[in-house]
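Letters A, B, C, D and E name the chains as they come in the text, with residue numbers starting at 1 for each one.
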Amino acid sequence: MLSARNLEVVYDDVVLALRGVSIDVPEDGIVALLGSNGAGKTTLLRALTGLLDIHQGEVAKGRVTLDDQPIHRMSPERVVRHGVRQVLEGRRVFVELNVEENLKVGAHTARSRMADNLERVYALFPVLGDRRAATAGYLSGGEQQMLAIGRAMMSEPRYLLLDEPTLGLAPKMVENIRDVVLEINKGGTAVLLVEQNATMALSIAHHGYVMETGRVVLDKPAAALLNDDDVREFYLGLHPGEDGRKSFRDTKHYRRKKRWSA
Amino acid sequence: MVGMTDQAAHAAPVARLDDVHLSFAGVKAVNGVSFEVRPSELFAIIGPNGAGKTSLFNVLSGVYRPQQGSVEFMGESILGRRPHRIAAMGMARTFQNIALFEHLTVLDNLMLGRHQHITYGFLQAFAWVGTARRQEVEHRQAVEEIVDFLELAQWRSMPVGLLPYGVQKRVELGRALAMEPKLLLLDEPVAGMNQEETEDTARFVLDIRDELDVPIIMVEHDMGLVMDLADRVLVVDFGTPIVTGTPDEVQRHPDVVRAYLGSEVGS
Amino acid sequence: MTQFLEVVLRGLGSGSIYALLALGFVIIYKSTGVISFAQPAMMLTGATITSYVGPALGVMLFTGFSFFVSVAVAALLTAVLALVIERGAIRPMVGRPAFVVAIITIGIDIVVRVVTSGFIGLGARNIPNPWGLERVELAGLRVQERHLVSLATLALVVAVLFWFYRYTRHGLAMRAAAFDQEAALTQGVSVGSVFALSWAMAGALAAVAGSLLAISAGVDRQIWIVALVALPAIILGGLDSLEGAVVGGLAVGVVEALVGTYQRDYAPWLGDNFAVVSPYVLMLLVLLAKPYGIFGTPEVRRV
Amino acid sequence: MTTLSTGSDRAPRQAATRARRGARLSGRPQLYRSYAQELALFNTRPKRIWVGIIVLAALGLSQMLTDNHLNTLALAYAFAIGALGLNIITGLAGQVSLGHAFFLGVGAYTAAAISGDPDGRTIGFGITNILVWLPAAGLVAGLAGVLVAPLATRLRGLYLAIVTLGLVFIGEHLFREWSDLTGGAGVGREAAVPELFGIEFARDGDYLTSDQKFYLLMLVLLLVFALGARNLARSRTGRSFAAVRDRDMAAEMMAINLPRAKTVAFAISSFYAGCSGALIYSIIGFFEPSSFGLLLSVQFIAMVLIGGAGTVSGAVMGALFITLLPTLTRELPAYLPFISGQVTDTPNVFQLEQVLYGLLIVGFLLFEPRGLFGIWIRIRNYWKGWPFSY
Amino acid sequence: RGGGEADGGSSDVSAPGVTDEACPDAVNADNGCIYLGTISDLTQGPFAPLGVPITEAQAAFWNRVNEDGGIGGYDIDVTKYVKDNLYNPQTHQQVYGEIEGEVLALAQTLGSPTTLAIIPDMDRDEMVGAPASWTSLWAFEDAILESGANYCVEGMNAVDYMVAENDISSVMAVGFPGDYGGDGAAGAEIAAEANGIKFTGVETAPGQESQAGAISAIVKQKPGLVILGTGPTETAVIVGQAAAQGFTGKFIGLGPTWNPALLETPAAPALEALYMQSGYWGPFGTDTPGHQAMRDALGDVAQPNDGYTAGWAWSYPLKAALEEWLEGDYDKDRAGLLEAVQSLETIDYEGMLPEEAGNRTGDPDETIFRESVLSKVDPSAPSGVTIVEDFGAGPTVSEHTFEGACFEG
């Protein structure tokens, strides 16, 4: 179990980005984390993997534990060695390296089974196999996203934290990623899925959290979230009293109010 | 669903690509694409990842030079023209991965959109008198209008680097509008946005088309948005055009479903 | 013709020293994205250490052997010094702009050089070695032995580095760390160790280069200037390329020797001492054709 | 991509972080009645008051300090003009240039030639009026900048830096060899003779000493050049530089002509450098070709970075810091009596001076990466935020 | 200007840098103190290997003067105002400004371009200074108290000597450009012309690896004599490698080319065979009362070299000038000191130089001292060289009229 308890995170000694967040990612679960932009989702992932330091952030209160051992003071590379692996927001492939080299760097902590894992990734994302010698920076946006996920899988993590993995992916590829996440999970890896595409995330998650301005405002099983009115309106685009999705042509200019941010 | 008027369909196209081919060291990014965009039209391009959509934008704005084919904008061939010249002709765009000037404020970013419309030179800039001062004030007014239009007022003097993602995308849109474009290219305008922000953006896009009467080419993976807003849709796969047509036609095309939409056919 | 070939050989000899220095710059650049202007001081320090260790060993061992032992000791000690500097002044700057770090290395260079100069004293310190200015005949060409030693050392170093970058995971990890430190951290790469390792390797290389350089006339306070010649070498070879450093270093050595020998006869209007700036002219010419040097990786630019 | 940072992908993020801090710290309540008023340079009352106080204090110093200190400060002001120039190309336009020393040299020699003795052993035209040689020095250096610019438009980041470094070496060679102009290596020549409407700055006058006159002249010139740089930065041109720095490809698609923007940036920056070179050596009176070496370029880079790249006041503070630093380190050993003053001892005070110089630069960048400007912001912020932290 | 506070309550002497209080760590506690400034290359500059021993020897020289009771009731202090110029004209000018008000005169101002940068200031301040360089230019500067021959004279005498000795038919000058190598080369060229032999000038840059051009020029043209105007390291490289490439002609090095440490480099055999050293006075181990006093005063030095000898010899004129000024009927200010300097006809160099070498009363062509010495390499001598040809002026220099510095004309 990977958990955060009452986490408070401060950037630059001034910006309070998380205000007492607690979440649990069970060993075999898929957990969805939703929230509007700037809610603190990425910050939470950074706290889980030790990356706050290089952003001038620090855990001011609370703790992060992995199987009840505190890890929030651990250096990022040791966190990776303990099996917690984050896919950074915005892909962050090594643009000057080629596809295969990117994957090999991903296997830094698991060299022995590198060949097998390479094949596994190429099987999941055939495009990458076709372009294994291509410079990563010149891949299309979606292809880079696949590379980033594939790279993370190279180290066979126990916990995979995905930060907006479907950003910029075509619908079919989104399905693809969903299947991949399910498959990874079946293989024994727990997944924490940060997503704007709530429909997709909640369709596979066991449990879900919704964050707003540094706090967890909803903490329910995924199925329950799918029935929450606010979630339906603000994350799924299903407006109350209407049947199915409303056309974007009919959206109005006015600010609606969410119940939880009262 | 707003259909195109007959008149628009026959007016001279704003932009036209004819049999464009572009490849990089073995990769065929664009393979014989032709289309034209007519005045006031909202033209969408969709296709799987790596299909060559962004590359088409880059061909249009002069970043890439196609090996074959012709590219026209405002009735002129722009093949081989430098990006800044094409931009000056009135082509504005936003970028798939936000390309704002992070250190600058929202206002400065928008003022940069007006670069071509401001004419004083650097000698006048030193002294900051006469033309320089007058133009700065004048164009500042124009920019404030965009700020109002896109509801950016609360962020106007913040460096864009610190703004939320969704707002940055909006600033980028504003910067493109500040150029007073004759054609607007939007590369995935709602990627990474939540539902609320997507709805806002949809509204802005419609307003731009309706109020400012600017033709738009939009690349987007959010099928709901594309199908609701677009007048016509071009589908590409592996650089090759599959079909061009109204959203309804496109949505039902079996090749499109197979290559692009998967099971999740637009609602 | 004989003379021409001899000049080329001489150029290769001094070029191999430039190449060793260039490799040091490139290794640091490749893994941290910074050009370390402290390399000249490292070279000076390494050579100075050799000049102290050598005589201490000299009485006990054959000079040829004791030369290599003292160079190895100097390389090790210089690597340690580099580690200390990296830890104290470079590591805290992880994630900061490369040019700020570069200026820090300039500050370090000043400090280390002044301190080392204190140990050099006023004259030159001799490094005991069996070659001096002796020459041998090779296929009718007279070559200085020290140049052969330098070339052989370079060959050895290149072989080891090739193996290291090719067959260990650290090679890729070092490149990854240079491109994107945060992303490298999430791969489990210890960016700190990468920094330390590259500084240590570069320090050791500088020490070797400095010691070889000092065979002919000893270590004086000013030999650090030679390290600057490695700068045009790395640029024309390609900043992040080990092959580039080697080719660039050798090319610079040869061009400098040729210009030094023939320019007075063929192009006197270029002025005396044109040889000293010829590496930079060569660099400019290469860059006009190839903006990233001969082997450099072009920066990925796209929107 | 901003060349001031390392990897291409990392830059925007760091930039964002930096920007984030900047805004939070400098955000102030704004109430303006017109855009013109908001666009005014000193648009708040505290700003006006502070600038006024600083200028008055600087003027007052001319009466309070000894001639020797004034001389040092005058030099520092002249250096600051050069730092402003480097700040334009490096801080604003993001093109790191290690070639600044070369442009300083071009300016210094242009000025020296124009005002030099026509019958002397080096080229001279005998026009000592500063209004002639100063602009000429700037223009010739600016022209040299334009000639170099085509290279800059092809090269990026450290490649550009090292190439411009090559310019310094080649320039030094040129200066050494062209002894008709420069007097030759190891010899040198007289610098520009400063004279303005009959005032000879190199001589003590009835009311003011030579050093006082130089000090006031440099102060006025620095104010003019700084104002110009500030205006430039907030103008169309300055914005286009910043755009080129942050994202050059996007800038092109904002209709900015990239090669032209870089050329203009180089020209303006070299103009400043040329003027600075002419002024620096007119104060010293004599110079020789080896003055325009790597060290000088590095000093300028250090000024811009230590001051805090991109801001006018940062560049000025950085220049003052770096030029006054040796004076300072020469004083410090006096407080360390246990260090030997004997030149043959190691360590001795002279070595200590050099070591301190290096250490202060390192320590400074290590502990305050945002530079002097950052310290100022931090102090201001401390008092604004006091007694709350977050 | 500053300095007023230094006047103390002295009845007659009113110059800056002169106090009634004793010097810090004074030898004679009852004496007043005269402060002399030193601006030298002490750490990072290219001439630090010379600047340091010069400065050290001068401290020893003035200490000896003090131990002999000082001059006219004053001890002389040269240790309080010592500044490092980094061999940079701008730094030189700045540190001059820092000490100008505190010192009476400069015991040392090292380097030509550096000193040239302060000459206008020295003129304005009526400051007198002993240089630490031997350029012919100093003969034409009133404020500069040079000693012995200059590079130009050396170059002429070296050529004349070899023409007489070896009947050479060509000479090449290899050296740094400018006041040093250039000055020596100018002298060599004048002498070559006078002797009707071929002359070639080759400029070279500092640095071990920058000598390829010079070496190949030497090896190709095989001149009978090479005059070197470089630093010691360059000397080792050039002589060593030219010999290794088969060159058998002779080398004569100007004063600053030599350092005894060269005898430990691989070039030592070549140096012993081909190299001679020119000098303005005898090297460290020479047997004169002055040399002896220097060796006694310095005690054990780690590496005896002729920087010490130079620093010592350069101090005599200022000592003579101070004595003349304090004892004679001069205004007791800097102007008076300058006047005293200009009235010196002889100086007691304690045998290091002939007394008439100190004449400063005529125009430069009359006062330039035209005799130099030549030494050969001798590993057993303290500074590695011993005299073979004592003070002498060749025919060329005796005929020559000096109208300005050699290297500019």
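The rule is short, and it goes like this: a residue touches a chain if its C-beta (ideal position, glycine included) is under 8 Å from a C-beta of that chain, and two chains touch if they have at least 3 such contacts.
For each chain, UniProt lists the protein as follows: A, B = ABC transporter ATP-binding protein; C, D = Branched-chain amino acid ABC transporter permease.
What you see is a predicted model, and the numbers here were worked out from it, not measured in a lab.
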item	value
Number of hops, chain B to chain E, where each hop joins two touching chains	2
Chain closest to the assembly centre - both centres taken as Cα means	D
Chain whose Cα centroid lies at the greatest distance from that of chain D	A
Inter-centroid spacing, chain E versus chain A (mean Cα positions, whole Å)	75
Mean-CA-position distance for chain B and chain A (Å)	29
Gap in Å, rounded to a whole number, between the CA centres of chain E and chain D	38
For chain B paired with chain C, centre-to-centre distance based on mean C-alpha positions, whole Å	49
Contacts with 2+ other chains: residues of chain A	92, 95, 138
Residue list for chain C, restricted to those that touch at least two other chains	95, 110, 114, 117, 179-183, 272-273, 276, 299-300, 302-303
Interface hub residues of chain E, defined as touching at least two other chains	43-44, 52-53, 177
Contacting residues of chain E [partner chain C, same complex]	43-44, 46, 48-49, 52-53, 177, 202-210, 212-213, 216-217, 231-233, 236-237, 240-241, 243-245, 259-262, 264-267, 270, 302-303, 305, 307
Chain A residues within the chain B interface of the complex	36-38, 90, 127, 131, 134, 138-143, 145-146, 164, 167-176, 196, 198, 233-237, 244-245, 247-249, 251-253, 256
Of chain C, residues touching chain D in the complex	29, 32-35, 89, 92-93, 95-100, 103-104, 106-111, 114-115, 117-119, 178-183, 228, 231-232, 234-235, 239, 271-274, 276-277, 280-281, 283-284, 287-288, 291-293, 296, 299-303
List of chain D residues in touch with chain E within their complex	66-68, 71-72, 75, 121, 176, 179, 184-188, 202, 209, 280, 284-288, 290-291, 326-327, 330, 341-344, 348, 350-351, 353-354
Chain C-facing residues of chain D, complex	1, 3-10, 13-14, 96, 151, 154-159, 161-163, 165-166, 169-170, 172-173, 176-177, 249-250, 253, 294, 298, 301-302, 305-306, 346-347, 351, 354-355, 357-362, 365-366, 369
